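Below you'll find a set of structures to go through.
Each of the next two complexes has chain A plus one other chain: chain B in the first, chain C in the second.
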Partner chain A sequence: MNRAGLSRLQMVLALAAGLTGLVGLVLSLPSLGAAPLLALFFALSTVSLARFVLPLTVWLDGALAVLAAIALLAGLTTGVTLPGHHWLALLAGWAFAWLFVERLAAAIRAGSLPETGTSLLIPTVFGLALLVIWEVVTRGANVPPVILPPPSAIGARFVTEIPILWADFVQTFVKSVLPGYAIGCLAGLGVAILVDRSPFLKAGIMPIGNFMSALPIIGIAPIMVMWFGFDWQSKAAVVVAMTFFPMLVNTVAGLNAASAIERDLMATYAASYRQTLLKLRLPAAAPFIFNALKINSTLALIGAIVAEFFGTPVVGMGFRISTGVGRLAIDLVWAEIAVAAIAGSAFYGVIALIERGVTFWHPSVRGGRA
Partner chain B sequence: MNRFIPVLTIVLAILVIWYAAAIPMNAAWQTTLNTRAELVDLSFASFATQTWNQDKPVLPAPHQVVGEIWNATVALEFTSRRSLAFHAWITLSATLLGFALGTVLGVGLAVAIIHNDASDRSLMPWIIASQTIPILAVAPMVVVGLGAMGLTGLVPKSLISMYLSFFPVVVGMVKGLRSPEAIQLDLLRTYDASSWQVFWKLRWPAAMPFLFASMKVGIAISLIGAVVAELSNAAGGGLGVRLLTGSYNGQTVQIWAALFIAAGLAAILVAIVGSAERWVNARMGVRV
Partner chain C sequence: MNKLIGGLLVSALALAATPAFAQDALTLQLKWVTQAQFAGYLVAESKGFYDAENLDVTILPGGPNIAPEQVIAGGGADIIVTWMAAGMAARETGVPLVNIAQPFKRSGLMMICPTETGIKTAADFPGHTLGVWFFGNEYPFFAWMNKEGIATDGSEGGVTVLQQSFDIQPMIQGQADCISVMTYNEYGQALDAGYGPDNLTIFNYSEMGNDLLEDGLYVMEDTLADPAKVDAYTRFVKASMQGWAYALENPEEAAQIVVDMDETGAATLEHQLYMTGEVSKLVDATDPALDTATYERTVKALLDQKIIKAQPEGAYSTVVTDALK
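== the complex of A and B ==
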């Protein structure tokens, strides 16, 4: 720490940002009137070098990063590769964003900023910075949209194609994923409870179950398409097969989680097998079961989409992705990816929320970090 | 060894169910064939034998799959386009390259996260979010996209494998590198150890069990990533291509054989990581 209150990494970043701004200012002098915002940013970042004499607030770095983003996005024109000093602005803006995040993290650790709210700000800044860089690089360097479309084009496509995206979502998620997920998880749970009664079966099935969970089960997709036809039934079947084994293995492990002393207590109460199962062992297995439910939530969506590559009616997310690639409608494909990511995260999030409600007693939930 | 008999029993049961299921599943087509050939009054035994030996059965019998695996690996030249060993090698090389890249990336990210508060707070949520993008589902598109940029062959497939396998490694290594307890860190501080020494003498050894557990998951999904990435590029070869062409031509036996080869490959890879784990543990003096 020095007078400006910065660590060594922060000093390097501050110096890099300020000096890049200075160079950018010199380079942009000939075209000063063309991009006034950019010139303003360069000037201000040069001024920020004053921090080595006079401490500057962390929020100023954030404001400079935002100014850089606005200036860069405003300076984008179609069909023209950006001149050199724009790239310097991108570099300086990135340095400011990084510096901002570094100083925020340091301030949170030192306790001078509250944890709630501020800690959400850091990943948000990182994500927005990625989006801005993506937009500026793809449009500024004239990357062909066939290779990587800019986020703005994907967003526009998303909005105009909502009916198609919704139909695909219903076909893939509502018709294939949800029934397959429900059947696979319930079957895994049921078989695990049955197997649990017989040590012989448990000894036989557990190694095979562990082995099966590591296999590329997704490869059965062509077989399922042959057996169950092109429509959602074959996709649901793939999802069932993919979700069954993780559930089986986790539940069997979870049913052993209740300790001997707790089982002894149930025995002294003269509890029946059923009572012990419902009141002790299944609740004790809940963290394991939810672990499997969370793993399966992402597996299920992937399984359904990949299964659609092997044959599908003319609707569905996998169908749209494979034909979109063929027709070079890459922005539609990315919109479909966004739908899949949102659906997958929401599915995972719902299960995580239910888990917090059901396993409120577990140390990992009580500690506040799931 | 007391696990051997139960496992063997279950495997035998699966085989019996498989053979039994093959009869009704292939029966309809076999009946059609027999009617055309004007074969009547077949005994059940010979009808069952027929259903187990069809050319393109709905469900191939186990011995057909084993026979196809034998014919397509040992009986063929390795360089033949029909050799499953050749295709398995293509998939395996992509898997291994992707797994190596993913492990290096994962360990690197974990080290950055451990040593820098800002990267912990900014990276970790996005690493988790990165896995909600079903990259496996868009793997064929990524391969096509990278192909347009001049990247073909092994590299695009390995990148998919890398994307899938770095995640468990990051999560496991962050946990592992943070696993030394405060009292152990304090001891090193009383020794005036540098952060370099703390890393190599305490954090790294403490993270080894976590690393191997993650690597077992990582290598399995690397293989899946490589197989799915192959679906888009029929000319490139690989087990995924065999699955796809088998599916287009109705060659069920070929699909099952490719599937079993992939399964065997996954089992071998996980077993290799497992034995590496035991070797490292033994060298580090871990008593089981």
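== the complex of A and C ==
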């Protein structure tokens, strides 16, 4: 820590941001009046170099990053590549955003800012910065929209196509993913309990299970379409095939998690197999089972989307993604990808929340607290 | 030592044999996998017709997940083979494609229905499931349904549309009542599977007047401002038409060339020979020029079906085909 209260990385970032602003100020001097916001940003960035003598508040860095974003977005005009000093502003703005986040994190660690609320600010700033950079680079450098559309175009498409996106979501997520996920996971759990009881099944099924789980989905999908038809049933079948084995393998491992001494205790209580299973071994296996549920939540969505590439009724996320590329409606494809990402994260999040409630006793959940 | 001198001599000779001027490099992106649908280009490459025009042509095969319009927009090709509906739709989304030649004069697209479905005319379609290829190949079907006034959005009294695989499986398995076929490809599979005019109702897009122009040659609009590029395109089209003429006169040799040039090894001689024969009914090897009347009809169908919103301006250029006359 030096006098300004900055770490080494923060010093480098502060210097880079300030100096880039200074260079930008010099370069934009001839055309200063044309973009007043940008000029203001450059001037303030240069002033921020004063932080090496005077302490400056962390919020100033945040405000400068926001100002840079506004100035850059305001400077975008269609069909014209941005002049050089705009790109300097992008660099400086990114440096200010980074510095802001670094200083926020340091302040939270030091206890001078409350953790609740401020810790949410960090991923928000990071995400917004990525979106601004994407927008400025695609539009500012005139990247053809069929290669990469700007996020604003994707957002506009998202809003206007909500009925289509919703129909695709229902077809893929509600009709294919959820039933397939439920059947695959329940079947994996049931077979794992059977396998656990029977050494014959264990020796027979486990190697085949490992073999089947290595089968590529693009190999199974066309076969499932042939067996179960073009509608959601074949997609659900692909999801079952994809989710069954992770569940089986994890549950079998989890059922062995209860230690010998705990099983001995149950035996001294004269507990039946059923009681031991329900009261000791399944709860002990819960972290493993939830692990499989979480892995499967994302696998199921991928499986259903890819399976839709091999023939569908004309609705579904996979259908829209594959045909959207063919029609060069790349912004619609990105909107569909956004839906998939939101649905996948929400699904994963719900399962993680249930896990917290169920495995409250596990060290990873109680965070070392007794 | 002798070997070294010999080697040097050989390389010197090889160097001397190379033309003093560089060949113009052109990349052609095909619409589909290497097959006799593109026999003209493959034969021209194999028989050295492009070399004779001082062109160094690279032919890229397509496939189910390759959109030629996207390849050319990304700078991956100079010329693409695509269908006019897909080309015009891409033009409106910001890829300024221009048709420079149209070797395919007729459409090879058909819809076939086994007679046991009871479908005899398009009026029998409502309530049935129809297989359609997407990825830019769906436009002629939707234009036809629009003309017939048949709903395709799943509403009452309309048809159910199915995204079809690139074979005749959906018809054999009864998942679709009617499927899309190309005369030169999947229709042959249907014939092999025991189907034919006796037990099929055939809707031929060309005969119904619903054909939209298929395999044409498209380039990016800005390259037409460069006379050197236009000159290279002209020589390319000239050599390609030579290739088509040769392929149509020597179908067996052309089929063998196609099989040899298919790096995936999926093409069989028998099927490629069938395809060459069928393609010869669609291609006019003597005239690569775009027929403006068919162009106008295609554009009208696309406008009627709202596939494109505005009348395209400068979407075709006769500069290349005029130079060949």
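One rule holds in what follows: the second predicted complex is superposed on the first by the 354 of 370 C-alpha atoms of A that agree within 3 Å, B and C clash if a C-alpha of one lies under 4 Å from a C-alpha of the other, contacts with A are read in each partner's own complex, and residues count from 1 in each chain.
The rule is simple: a contact is a pair of C-beta atoms (placed from the backbone, for glycine too) under 8 Å apart; a residue touches a chain by one contact, two chains touch by 3 or more.
All of these numbers come straight from a predicted model, not from anything done at the bench.
In the superposition on chain A, A:319 makes contact with chain C only, not with chain B. In the superposition on chain A, A:310 makes contact with both chain B and chain C. By the touch criterion stated above, A:327 is placed in contact with chain C alone, chain B being left untouched.
When chain A is checked against chain B and against chain C, the one touching more of its residues turns out to be B. Shared-chain residue A:147: touches chain B and chain C both.
By the touch criterion defined above, A:91 lies against neither chain B nor chain C after alignment on the C-alpha atoms of chain A.
In the superposed model, A:226 makes contact with both chain B and chain C. With both structures placed on the common chain, the touch criterion links A:295 to neither chain B nor chain C. Chain A residues 144, 146-147, 222, 225-226, 309-311, 322, 325 lie at the interface with chain B in one structure and with chain C in the other.
Contact residues of chain A toward chain C in the complex are 144-147, 222, 225-226, 229-230, 309-314, 319, 322-323, 325-329. Residue ranges of chain B in contact with chain A, taken from their complex: 2-3, 6-11, 58, 116-118, 120-126, 129, 131-134, 136-138, 140-141, 144-145, 148-149, 216, 220, 223-224, 227-228, 231-232, 239, 243-244, 246-247, 250, 252, 255-256, 258-259, 262-263, 266-267, 270. Chain C makes touch with chain A in their complex at residues 65, 67, 69-70, 73-74, 86, 89-90, 93-95, 132, 134-138, 160-165, 169-170, 173, 175.
The touching residues of chain A, counted against chain B in their complex, run 9, 98, 101-102, 104-106, 108-109, 119, 122-123, 125-127, 130, 144, 146-148, 200-205, 207-208, 211, 214-216, 218-220, 222-223, 225-227, 298, 301-302, 305-306, 309-311, 317-318, 321-322, 324-325, 330, 333, 337, 340-341, 344-345, 348.
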